[in-house]
Amino acid sequence: MTEQKTEIIFNSQVASGTFLMGMRSPEIIAEAAPGQFVMIRVSPGLDPILRRPFSICGIQRDDIFLVLYRVIGKGTLALSRVTQGETLSVLGPLGRGFNLPEKGRKAILVSGGIGIAPLIFLAQKMHDMDILFLSGYRSKKEIVPVGWAGLSGIKTFISTDDGTIGHKGPITDLLETDISGSSHEIPFVFSCGPLPMLKRVAETTLEHQIPCQVSVETHMACGLGACQGCAVRTSSQVNRTYFHVCQDGPVFDSRSLDWKNL
Amino acid sequence: MNENQPDLKVRIGPLELKNPVLTASGTFGYGREFSGLFDLNLLGGIVVKGLSLKPMAGNPPPRIVETPCGMLNAIGLANIGLDLFLEEKLPWLKTLDTTVIVNIYGHSIDEYGALAAGLKGLDGIAAIEVNISCPNVEQGGMAFGTNPSVSAQVTETVVKNSDKPVIVKLSPNVTDVRAIALAVEKAGAHAVSLINTLTGMAIDIDSRKPKLANIFGGLSGPAIRPVAVYMVYQVVRSVKIPVIGGGGIMDYRDALEFLIAGARAVQIGTANFVNPEAGVEIINDLKEFCIEKGIEKIEDIIGTLCFTRD
Amino acid sequence: MNENQPDLKVRIGPLELKNPVLTASGTFGYGREFSGLFDLNLLGGIVVKGLSLKPMAGNPPPRIVETPCGMLNAIGLANIGLDLFLEEKLPWLKTLDTTVIVNIYGHSIDEYGALAAGLKGLDGIAAIEVNISCPNVEQGGMAFGTNPSVSAQVTETVVKNSDKPVIVKLSPNVTDVRAIALAVEKAGAHAVSLINTLTGMAIDIDSRKPKLANIFGGLSGPAIRPVAVYMVYQVVRSVKIPVIGGGGIMDYRDALEFLIAGARAVQIGTANFVNPEAGVEIINDLKEFCIEKGIEKIEDIIGTLCFTRD
Amino acid sequence: MTEQKTEIIFNSQVASGTFLMGMRSPEIIAEAAPGQFVMIRVSPGLDPILRRPFSICGIQRDDIFLVLYRVIGKGTLALSRVTQGETLSVLGPLGRGFNLPEKGRKAILVSGGIGIAPLIFLAQKMHDMDILFLSGYRSKKEIVPVGWAGLSGIKTFISTDDGTIGHKGPITDLLETDISGSSHEIPFVFSCGPLPMLKRVAETTLEHQIPCQVSVETHMACGLGACQGCAVRTSSQVNRTYFHVCQDGPVFDSRSLDWKNL
């Protein structure tokens, strides 16, 4: 883990409201694992004041890590305006990433919207496995092109809420179909996306007794386990009341979380 | 050390700090969280996360929300409790070559006493900081620290049960902070620190819910600095015991405002989130400032607020 | 007006406003200063600069200083005094088709009474707002508004001497703002407004002087909004009279926080400096918000804070 | 007076730490007089929050007004980073400018550092008069090139504190020499610059009973006469205690100010 001024190599729009940014940091790359995140100070001023957490979405060459982000508020807006050659302070890599399954096992990656970010990095690291990548979006124009990610050969399906492309409906429909279809092999499920989607993924996998890891989001101040601001409620399986997402997560076994009161 | 280096040492009553920069309670964990980033021994001291007698899980989330130039937190004083602290955190803290101050709070005056007693005789703890900003359940939920006589009782109890310097941390949510400062001074406090967070609230206009599950929380960060500087200024002029200042310090210039106002040391809180190295950077910049201005020791800056206008 | 336009009218006790957006005292002059920029009649109302019995020159400069997401001011209540106000300002204000509220303050309780009496029977003044945040010279310099019984006395005096609705403007620099609100309610106030500025200070580290000649001043702007929202939330739950909210409102989203918390109108202060059209923009955006959300009247938003979490 | 989103036509460094910015606004130009100023919102965010006051330093074509500024803090730093094509909210023109003397009279313009800004505009408006332009700087590298201003034919002298160019010493030396030298004609003096310089100019002109107008600076919040934040103390000649710079000034007859307690 380091805190350093990090150079922006590129920062460009790749889909409606969605940007892909490359930052040069051999130090961060040396440690980064899929599911881990960085805290970026999006502007040198005091407003917005807090760093913003972003998953590491991939690696390019041996010195650039990628962040895929959607503009939703003033922090991400400021970020989208940063140009090549500028530097931003980055703290990371932080948190615990995904536990990779043994080779040869089938993995289903389920993303909702920008939740695809950590799963792209995960898919890159599991390139020799049998992967099914299901990504849901609200609409066609939000689809993140992943040509750059080197994921060719991976089975990919897309759904959109408005049916502008792929299956019309939530991506969890496809997950359910797939799980119900392939009864002989128990896959591993990895998921990231909006809370209602994650909840549904957690329910589905629980129902079919399939191991499932989810990456969750909370507001964070420090990212280091110091402020205790990033609490999520644990399920009764766990003998403490809250996890701290930045330290105990952001990736959790879906059964360890209390989905009703997250 | 170079002979021409300015002397950054400060005295807080019975306590000597290698420099006036402390990290504020609740914003620096138990120190170890930051140890991968820089050498903690450079700090003047570390005030660890508020400790209660029993472990506390804290408030339901969301616990933090960003505000203009600040943040609200309602952590609910989540902490591991006295026993685990002694078992799991203190041994590591003892290996540090910096001043460790333990911040405590109780749900009752007795609990404050029990905490002080539980920390008695222990090595590696240089002082106790008493957080009196938490709600006093016995007396209608207003914070202990909003009432001078209750503040004095808490102080007295801690001082009686402790063998360490006692710093009482004042709440800014009061009509007259000087009255509280005077009361705890009289009750035996060795120093006061201020300010703790201002109480605040934010509402999500789409869901129409408070943004914090706890409804309200504590406002910190540069937004509150002018309030903090003013209260420090007031308290310095009211009590004889040393004052530790803080609230919204982001850089050495901000730290200097407090020192000039008369604080003998400063606490860095929210800045640790924005820049985890804020503490050391401030120390280095203070040193450079002294060199540039030809100031030999930082003590020469403390309380030098000047009132003549030209 | 279009039939599908949302109804923005609000009632503040005896007062009806065409919409809930007022400009805050001291930040909008006597209105005329902004009249070249937009149609003032679009505003829900204007609260004019604090008026004293005799003209006041105000504090020596510097009187203002910028702070993170806010500003400190120590204007020293500079104003032209009652007589000149009536002679020079009121005639023009009377030509406006919006609610004009006169903010008053006195150096003694008698002065408050004299001001209220001086405004009695006059057309064009819809209500009086009583600033009780100024130092009470008779009682040791603490502000009138920091003591419930003194606040009540001021209120009683103004109500007795006035034929207009009386709004008492509360200071946030108190331990329990509800106690003050309850006291002035009991003393006959028709409404309360809050918050006035938080007391703060800034120091120039090079000259080591306070940045304000007056040493300390009032902190306003978005930095203080969380404190303001919380106090409004508290007071709404304590008194039965209507509450006018404000403090750090920059846009319609901020205004909505106060309305949802239960304020029946809002005051726009510092925002007028940043964006002189802030008031009208907020009105337009509130209207659009209502249309978008299918809200027929703004009153349906007031006090709809929701506590269930999912 | 208007408040409007105003387009940046150019914004470039012209001397050490000094920028010249052109903004398109026929509305502001229609009203602008030398000595008046604008309040610029240097960033859309909340930090810094207050507008910054700048003198109108000249006019180009019939639609561009100019601002000449020195970077001294975070507001001017943010301003220096704004690029061509962006828009900023501008409020103005504000305040009372210089009273121009009758034609044919001699005018001495005395500036210190960036205080040259309003005097350039003034000189442009007085092109048919006998003008002596004295500008002082700390050092050669801070000298503002004024080729663009169309001031050819105006007698110009420069001083620097460090003697890197022109007279070494305060610019008021040159003013004193000139006034003492030309005893038969009483000139008008117009001045803008740092307080100690202005004070000296006021003293010198008072001593020689020469009319002198100065443009002064104070912290401002509104710029409209509403907040009363911009007070300066008046001299005993004036029957009130304070002027408000944004409304009564920024240009004042130097004898109306209390230079001891400004």
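Think of it as A, B, C and D in the order they're written, each chain with its own count starting at 1.
The definition used in the following text is that contacts are C-beta pairs under 8 Å (C-beta built on N, C-alpha and C of every residue); 3 or more make two chains touch, one makes a residue touch a chain.
Bear in mind that the values here come from a model prediction, so they are computed numbers and not experimental data.
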item: Labels of chains that are neighbours to subunit A and to subunit C; value: B, D
item: Of all other chains, the one whose Cα centre sits farthest from subunit B; value: D
item: Interchain centroid distance [CA atoms averaged], subunit B/subunit C, Å; value: 34
item: Centre distance in Å when subunit B and subunit D are each reduced to the mean of their C-alpha atoms; value: 46
item: Centre distance in Å when subunit A and subunit D are each reduced to the mean of their C-alpha atoms; value: 54
item: Distance between chain centroids, defined by C-alpha means - subunit A, subunit B (Å); value: 36
item: Subunit B residues counted as touching two or more neighbouring chains; value: 60, 68-70, 221-222
item: Shared-contact residues (touching 2 or more other chains) in subunit D; value: 46-47
item: Graph class of chain-chain contacts, one of line, ring, star, complete, other; value: complete
item: Subunit C residues within the subunit B interface of the complex; value: 60, 67-70, 72, 142, 146, 173-176, 198-203, 205, 207-210, 213, 215-216, 219, 221-227, 229-230, 233, 248, 253, 256-257, 260-261, 304-309
item: Residue ranges of subunit A touching subunit D (in the complex, touch as defined); value: 45-47, 74
item: Parts of subunit B lying in touch with subunit A, wherever the complex brings them together; value: 26-29, 33-34, 36-37, 49, 57-66, 68-71, 73, 75, 78, 221-222, 250, 270, 272-277
item: Parts of subunit D lying in touch with subunit C, wherever the complex brings them together; value: 1-3, 41, 46-51, 89, 91, 218-222, 224-233, 240-242, 261-262
item: Complex contacts: residues of subunit C adjacent to subunit A; value: 68-69
